[in-house]
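Chain nomenclature is as follows: A, B, C and D, assigned in order of appearance, with residue numbering initiated at 1 for each chain independently.
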Amino acid sequence: MKTHKTRLIKIGKDIVIGGKEVQIMAGPCTVENYKYTKRSAHACKQAGAKILRGGAYKLRTIPGTFNGLGEKGLKILRKIADEEKMAVVTEVIDVRDIDLVSKYANILQVGERNMQNTVLLEALGKTKIPILLKRGQSAQISELLYAAEYIARKGNKNIILCERGIRTFEKDTRATLALASVPLIKEMCDYPVIVDPSHSTGKPSLIAAMSKAAIAAGADGLIIEVHPEPKKALCDGFQALVPGEFAKLMRELKPVAKAVGRKL
Amino acid sequence: MKTHKTRLIKIGKDIVIGGKEVQIMAGPCTVENYKYTKRSAHACKQAGAKILRGGAYKLRTIPGTFNGLGEKGLKILRKIADEEKMAVVTEVIDVRDIDLVSKYANILQVGERNMQNTVLLEALGKTKIPILLKRGQSAQISELLYAAEYIARKGNKNIILCERGIRTFEKDTRATLALASVPLIKEMCDYPVIVDPSHSTGKPSLIAAMSKAAIAAGADGLIIEVHPEPKKALCDGFQALVPGEFAKLMRELKPVAKAVGRKL
Amino acid sequence: MKTHKTRLIKIGKDIVIGGKEVQIMAGPCTVENYKYTKRSAHACKQAGAKILRGGAYKLRTIPGTFNGLGEKGLKILRKIADEEKMAVVTEVIDVRDIDLVSKYANILQVGERNMQNTVLLEALGKTKIPILLKRGQSAQISELLYAAEYIARKGNKNIILCERGIRTFEKDTRATLALASVPLIKEMCDYPVIVDPSHSTGKPSLIAAMSKAAIAAGADGLIIEVHPEPKKALCDGFQALVPGEFAKLMRELKPVAKAVGRKL
Amino acid sequence: MKTHKTRLIKIGKDIVIGGKEVQIMAGPCTVENYKYTKRSAHACKQAGAKILRGGAYKLRTIPGTFNGLGEKGLKILRKIADEEKMAVVTEVIDVRDIDLVSKYANILQVGERNMQNTVLLEALGKTKIPILLKRGQSAQISELLYAAEYIARKGNKNIILCERGIRTFEKDTRATLALASVPLIKEMCDYPVIVDPSHSTGKPSLIAAMSKAAIAAGADGLIIEVHPEPKKALCDGFQALVPGEFAKLMRELKPVAKAVGRKL
């Protein structure tokens, strides 16, 4: 099979996803307050990440659990990103919020639960903003590509795909990171692909190995959760790296990227 | 484990889901036109079904495939249901359409792809209309119950759960109908549970056996696709029963219902 | 699809599997001693089961756990079965034990872990004894039929297939009982099919519902674990019915069998 | 989590699995004849592989398909390995063949279908020969470790574990390569772990990416199918690399190994 030449997705002025440089999106699972988000963002930027991740609107499995600060969270995220000279990726979960979230974000994330929310996908297709589309946990690769096509058909081809693990019988990891999807997607379409080692493993101790593996497999980027005080996190703290671990990981990723002809 | 006494969900004046009577929802996958829908509805009613199913808004995996007639479809559905003295169950896929769809339907269906669309769930929770909540194809039972709780917490406890098969490695059936979820749900909550033998098997030849099994397992109802000319159907015709097969099935279900203390 | 006319498998003089009568195999998971096995067997026979199940050789996941009494267990099983006028089904796990186990058993069981142990299958194919072949927990139905063909090609077509649940992401049940395999197998071959509600659910409270569902779906029999003192059982006691529950279940199964044209 | 210091498994005089050097096992799926095996082995050795793989006894899903040359195949394998100064890994499927296969092989492979064949495992535990234990396609990691313990408890701790993909709903790849098992196993025990990119992907075009990813994730070796004329192969030719592709892969793997502190 021939692989496609990867489409370049420009984020802001200086960042390109899909080019030689592997892009790292990092930050807290959720924007909880200025302080934690700032500490996380600053550490991530220092370590080399150019894109700040953080949720302001969250789809949570259990009702009543913390589901984000909403617009207040978006404002915090934007402010910190500007201070740190980072771009922002954050999730949009409601079709009625697209304009609002677009005011603050550089990339809109569609979470795995919404991968086949075609109402949301088509509405996003009518914007120009880059979309990070996460693979549903029970989606075939062909279904992920159909979801992307829902966006693209409406005119927006600024799409980044994300492998974040599938649901299987495995119990030792939160999901099963199906890394073969990375080269497979590159045979099937030209969208860049990033990998989420945090949600897929659910275990900080496995993130470094899976991050290296993702880059070796050809991923165009990673999205990683980093929290300055994971035990105090309001969401998914159990799977976050602390800033020191993240900085170490970034150092270890450089030679792997180089070994496969990329840089970081 | 003790099972809960099942909550009774009243549909219109005469229909109760969760009581002694097993309720059958039947009709075409999608409302394509008056003629097919009428023929299907009439045959279903004659055979004993009291609730007409049919989609006017469809989430389709592949963009560009037929996704329903929208409000025009709702009008057809309502008209035929009134003619046949049936209730209507139909899917709502967009949070902005809830009021519109509620004007025509007696039960609003949340499809499996939207099971964790909490924006939609919470909006439905603010209505009084009965909700048919389908299990996501990779959802744990506990996650289905959390999704129901998203609706219930906002005030609407008129919830009917639906087992429609999960995604597994099996290739011979469209999904794997996990019937043990029926008695399991009855241990965990008091919502009635129905079963979808059409989408779960994807094969007309398996629908009768799975319908009997579902009732024997304690299901409070079934939702079955019936189309007068399956080969001409615009969506999922391959899995529809023809009216004659459906009538035969209804006759065969009666003694099974009776054998487990139910009627039909 | 047309279903095949089911092949009749004769067990001893009086028992037929695959005919109008649904056959129940019941007894303890493992033969632990004369006393428990006798109490279980006697209660099962009184309630209507004609075939006594019980393991003398067990494949256990964890080394060092109780793996059966070996030939001593076979002797206990045979003695009690003769006293109660029951047939015996028991597992063979080692190709070198086939002759030995055949001296005591009426049906040799191949467990799910050995479904593709072609060395064992071919050796069993050279005997005349009926074989109970359990579906592997990750086996497609076509693979189960290929496994049966390994036996049949060597000359032994006395084969009974068993659906015992597949491994999926579900955590609330021990396995996912994929009941659609019952009518599907009947479309694909003529071997009788039985269902194991004990191993598939792993929960006594779900066994009754799944037993009824299995018979309603067309199963030719059931294999159920019954132990007089489950808490003292050396293997899988958590999923055993006590004799009183089993007797109640047998009474409840009769009308279901009748409703689908069978007897029990 | 702390990772264990990996146990060193010595193969013959010169080869160590689990040390700094990543070991490559390569060769045809099955020994078909001298000519193909020789061409494959010679090319693999020239490219840097030190261990020759090839099956003489095969468990095949479909009866009547080619299942190996038996002892004749073992003789061919040994002769060629000696000519090329390679070690031999080959599968044993029958407990009665252990002595025979051990005469010709340096490593005995237990295939995924036999991972819980405790009769075979315990018999192998009584030998001293290194065992390559493949993960069953529906086995939890804990179950793989229990299987290893069946061998170890009888005295043989020369065990190499192999991740070869699990069975999931994915259809685009033969299995789902669950690479997170590599770092996970290293947290749970001290056995070396190798990865099989051939069986897991079933697609030659994905093997290079997954081989790099495996090494980046910390694997101690790879087992790869190489055939000089894949279209003429009697078994699994569709997933074999040709010698030229394999040589290219070996060159590409070197910098990846170096990037994670290994050599190859």
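Assume a contact is a pair of C-beta atoms (placed from the backbone, for glycine too) under 8 Å apart; a residue touches a chain by one contact, two chains touch by 3 or more.
Please read these numbers as outputs of a predicted model, since none were measured by experiment.
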What chain lies farthest away from subunit A once each centre is taken as the mean of the Cα atoms?
-> C
If you tally C-beta contacts across A-C and across B-C, the winner is B-C
Quick one: report the Å distance separating subunit B from subunit C, using the average Cα coordinate of each chain.
-> 34
In whole angstrom, the CA-centroid distance of subunit A from subunit C equals 48
Counting only residues that touch at least 2 other chains, which ones in subunit D make the list?
-> 138, 167-169, 171
Complex contact set, residues of subunit B against subunit C | 1, 138, 140-142, 166, 168-173, 176-180, 182-184, 187, 200-201, 203, 205-206, 208-210, 212-218, 252, 255-256, 258-260
Listed in rising order, the residues of subunit D that touch subunit B in the complex are 167-169, 171
Contact residues on subunit C for subunit D in the complex?
-> 59-64, 67, 93-96, 113-114, 116-119, 136-138, 143, 146, 149-150, 153, 167
